[in-house]
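Both complexes shown next keep chain A, but they swap its partner, so chain B is in the first and chain C is in the second.
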Partner chain A sequence: MSKFQGLDTYRRRDTYELLPFKFDRLEDDDYLITNMTGEHLVVPMPELHDLLAKKLAQDNPLYASLRAKHFIRYADEQAPLDLLALKLRTRLARLTGFTSLHIFVVTLRCDHSCPYCQVSRRMDGESSFDMTPDMANKALDFVFRSPNPAIKIEFQGGEPLLNFEMVRYVVETAKQRNLKERRDLEFVIATTLSLLTDEVLAFCHKHDVILSTSLDGPADLHNANRPRVGRDSFERFETGLSKARNVLGVDKVSALMTTTDKSLPRVREIIDEYVRLGFNGIFLRALSPYGFAMKTRRFMTYDTERWLEFYKEGLAYILELNKAGIPFVEHYASLILKKMLTSNDPGYVDLMNPAGTGIAAIVFNYDGSVYASDESRMLAEMGDQSFRLGNILTDSYKDIILSDALLDALEQSFTLSAPMCADCAFEPYCGAEPVFHHAMFKDVVGRKAESSFCRRNISIFKHLIGLMQSDASTRRLFIQWANSC
Partner chain B sequence: MLKLAGKVRRIQLTEVQDRPLLLQVSTNPVLPKVMRATRAFLMSDGELPEGYQHYLIPASLEWRAGELEGKSSFTLLPDDYDYLGNEDIIRLDGQAIRVLFRANSGHNSLLVTEQCNHYCLMCSQPPKKVDDSWILNELEALIPLIPRDTPEVGFSGGEPTLAKDRFINLIRMMKSYLPRTVVHVLSNGRAFADEHFSQQYAELDHPDIMVGIPLYSDDPSLHDYIVQAPGAFQETVQGILNLKRLGQKVEIRIVLHKQSISRLPQLCEYIARNLLFVDHVTLMGLEMIGFTRANLEELWIDPVDYRDILSEAVAILAAYRMNVSVYNHPLCIVNNDVLPYYRKSISDWKNEYVPECEGCVRKSECGGFFSSGVRNGYSRAIMPFLK
Partner chain C sequence: MAGLAEVTFDCKLYGAEAVQKAAYRGMNAFTLDLKVEGDGIVCRLVGNITTEQEAFERAVEDFRKDVLDYQLRAQLQAETAPIRNLIMGLAFSNLRLD
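Then we have the complex of A and B:
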């Protein structure tokens, strides 16, 4: 007799326990199961029945994967619990840092007059739409009250370069204060680059300021989306981009696109434009329902389904590019894939739970108002002050952070308890979005069955999982995407 | 392959020796006299210095033995020990010689015990259930003799941590006597599941030590089967977690064979998802030695048949930004995408080539073969890279 025992000897004789997980139908007989740490498996219905009845055979290949991914365990096994706890702590680790992103709306003035603009536009000359130094000082007091060791200050507008003096003031003052505070301080200017000067670039270079800019696609589309006097938005962007890259470095300039109804038939051209200009990815964004977009009802001109077609077509094209050896990612997919394929959370405000509003990001408006998010101030520009947390000149940090407007929104939208979210198998990949749902339903929870947020995201989640299931090479690419952000 | 232990041809002792002799080898004829008293002089063509505790006579210089006859202790070495050099450390015990430390080698590995709580299907050093604490005595005597500028020393077994407190003491001694020497411990990690033990280990605060721990499958039953020990997977994983929680360096070592290959990509994803914080993951070829030969049917898979799985495994770990290395694979049977992670690693005394390698122009980059592979079987697909 051999002194070695067969595999059978090491199989369990007792019955496994179920660890917490949720499931939902993908299509036909295939079900997705997920746990709180984002582990997932696709399980056909008969196996799902066996799994739940605790009679799945040990020689079924799914059995080993279920055990390895911590869907089941045996009563004497401690490692699965330790690992689940560790992974959950890792995913939520960001919470202990509290607010990192602080948005300074230094002016509402803008040299563009985009019809979809998410905040009301004003002409270039009216300085009453500028942030004052007093507000900036108070806002910086607030910034350094955040316990987060990593602080990001982002300048938005309008066009922040129209009040560059305030940008300069905030950067220099923040850096001065940081000599004592010693935070990891990062600055971003969200700008169209149309007003970029050598002086601004020299300043950005000196202070390590990153530029976040906008590119909507080929010149005609970009200019149609972004009208300005002279109809030269795209030309100014392209000139500014190469100047900025020369001075700051290619990694210091990123671009965001805005999707309009004009974009929908042109996703490949839009992606090609990003590729031509040397970007290594694109964020295929949905049009948000705020600002002028909502007033003009433009967001209604195409529905979520049409946008999903646009998104999926774009994703397919990007995968083609990848397979042709061109490294290029779709950033929204990368954020979701990070939640699906790693134990980390990318910290993307729209896909966080508890919601990112106020605690991941906070906005200081040009008039001293403090908002829970960029979307909250857009809503306010439309006359809905629900997420105005206070005023930086008159309210304390405590008043603002502990305001009912914020705490109620966070608590009520919490996805592990919100109706329909709590049971949703996609919950680990999704987020609480109280502001969106309030805008749509006048209620931070909303009706999920009718929510275009749910419709859009669940469709993307299913699509990404489907792509990984059907093609091993796509799954390998996605593992790289997941680790790119 | 170098022969590290065997019988000497003749030994002459001037004093009765009731315990094994540990000796530092010297080739320096002008060493101060005070240092000669504890060293063995390795004879060469030159003049014979006086006053060494012992003399080692290579086979080719046997005719010079007469110069020492009746005067000094000496040992007549067989041919196999031509490689001995300055600052090597040997043990003489009756007619037996063992080379314990080779100053010129970057691969000194010290066996702590032959006992083990695993009984791995592919064990290259089959464990023995005997009291071998004499080895620990010897190591405790050896460590102070090791040259201070030694870059790296490994500890292996058996399972070194079975020595418990005396294992901890060995590491403490390494830190005390050889603080600049990197230490690498091969352990199955299970002892570290005990928080007290891992705490003791961490508190030593050794400046540069890593524990290499094998993990063969994400499926606990399969891992337990491969190591022939029920419950091993749970303890090993908890050991890794404890070590990392205490800020200790850990390497995960995966030997590739038919069993571990069956779920290798899943294992890599498991590691990336659960143990992302380990310092190194190594994917290693199978040594055709020890228990492997008894379990060949369960273990053997031609590396050329798993080359794509190996590529996938490396790609997964690299995508998660893990530090990954591929060891013990001939260069001609791995895909090109593995090359950035390919290391030439087989201990020098184990590394050889086979007749198919004749004319290969990339031997110098190649990890080559374990001697055991050369003797007992290797891939059917070995092909020389020709000019």
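Then we have the complex of A and C:
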């Protein structure tokens, strides 16, 4: 007689109970189910109905996964509750750190005149659009009031290198103050590289400053998107990139792209250009409804569906490259996959709930105004001051952080209570985005059924899940992507 | 011409909130006139001017499915609300929030 009891001995005789989860239809009557921490499964409709009616048999192939991912438990089991609580706390841990990213708009001047520019740049002779040392000092007071142990200071413009003296001043002053504060300080300059000099590079090297630059694709596309005197934006970029990598190292220079109507038929060429120039990924971004992109109506030159075609074509091509042995990621997908496949939140402001505006990132404008996000100051440049939280010269930290403009936006846009979002199975992966919805609907919640933010993101979420469901090798690649950012 | 459809749900099986949520979800394709007649929740769906007939018919089909989904979601939420609160308590009760 065997010393071991048969499997049937361990079979539960009582009925499982349901743990909190949400569900949404995918294609062909399959449903996505997600729990409180974003763990997910794809379940056919009959099984979903059996699950909800507590009729799902223990020998159903889904049964073990449902228990493992905390969708069901037995009444005497405490571990699923403890694990869900732990994962939830991990996912929201970033909130206790409060604001990390502090954006200094050191000038609005720019040497480019991009028609889709989202910050309404000024001509490069107008020094009245520069941040002053007084404002910078007050902004640094604010920065060090944040309880976050990791502080990132990012310089934006216009073109920040047109006011490099202010960049230098902020970096040196912040480092001096940090001798006492002992935070983990990081500096980033968002620059086209067109005005990069040896002096700037030596400074960046000395102070460990990272460069975040822009690359829209092959030379003709980049130059068409980014006109400047001399029509040499791309040539300056490529020269600057090479010099910067030599001095700072390859990993100290990243690039972002903007998708215009000219980009739409050329996604493979754009990706090829990134690969040729040695980048390990690309962020395929849609145009935002702010600044010159609105004034020049560039924002309206393509719709969400066309952008999604572009995105999906690009993603398919990147997967082809991966399968051919070329390591390369699409950064937006990586951020989402991190939310789908791990318990961590990457802290990407657009995909945060509560919204990241103000509490994950904050902006000090060249004129002393403080904005809840980069998009908020873009909106202000169009005359809408809804997300102006105060002025760094006259208002205190408390005035700004507890301003109605910020707290109302955070509270009202909270996705766990917003119409449609509250019931949406994709909610754990998505974000509140009050500024975008305000820009489109004059309301921080917006009508989600008509929201291009909602349509774009849900389409991407479904697409990523579909790709993982249909191909095990893609799923393995996506697990790598999720852990790469 | 805008599409028009009428759908009736049994009050004993469906809540008005489920119907309202489904209508909200479909507002990019139609608007809804809602009334209760006897035991029925009567939904009169009027296609938006910009919604073509084929898209409207798809939206009506989705609306029927969405009503059932929202009804099931309501039942699931009601059943799991106590345990959701318990998990939230476990997650955050020991945090120092000062």
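The rule is short, and it goes like this: the second predicted complex is superposed on the first by the 484 of 485 C-alpha atoms of A that agree within 3 Å, B and C clash if a C-alpha of one lies under 4 Å from a C-alpha of the other, contacts with A are read in each partner's own complex, and residues count from 1 in each chain.
Just so we're on the same page, a residue touches a chain if its C-beta (ideal position, glycine included) is under 8 Å from a C-beta of that chain, and two chains touch if they have at least 3 such contacts.
Because the structure is predicted, anything quoted here is derived from the model rather than measured.
Of the two partner chains placed by the overlay, only chain C lies in contact with A:25; chain B stays clear of it.
When both complexes are overlaid on chain A, the residue A:479 reaches chain B alone and has no touch with chain C. Within the superposed three-chain model, A:266 lies out of touch with both chain B and chain C [touch as defined at top].
Once the two complexes are laid over each other on the shared chain, residue contacts for A:64 go to chain B alone; chain C is not touched. When the shared chain is aligned, chain B and chain C each come close enough to touch A:82. Judged by the touch definition given at the top, the superposed model places A:338 against neither chain B nor chain C.
Overlap of the chain B and chain C interfaces on chain A: residues 82, 86. On chain B, the positions that touch chain A within their shared complex are 119, 121, 217-222, 224-225, 228, 230, 233-234, 237-238, 241, 263, 266, 270, 272-274, 276, 291, 294-295, 312, 315-316, 319-321. Interface residues of chain A facing chain B in the complex, by the touch rule stated above, are 2-7, 9-12, 39, 58, 64-65, 67-68, 77-79, 82-83, 86-87, 341-343, 476, 479-480, 482-483. On chain C, the positions that touch chain A within their shared complex are 21, 24-28, 65, 69-70, 72-73, 75-77, 79-81, 83-84, 86-88, 90-92, 95.
On the side of chain A, the complex with chain C involves touching residues 17-25, 36, 49, 52, 81-82, 84-86, 88-89, 92, 96, 419-420, 423, 447, 449-450.
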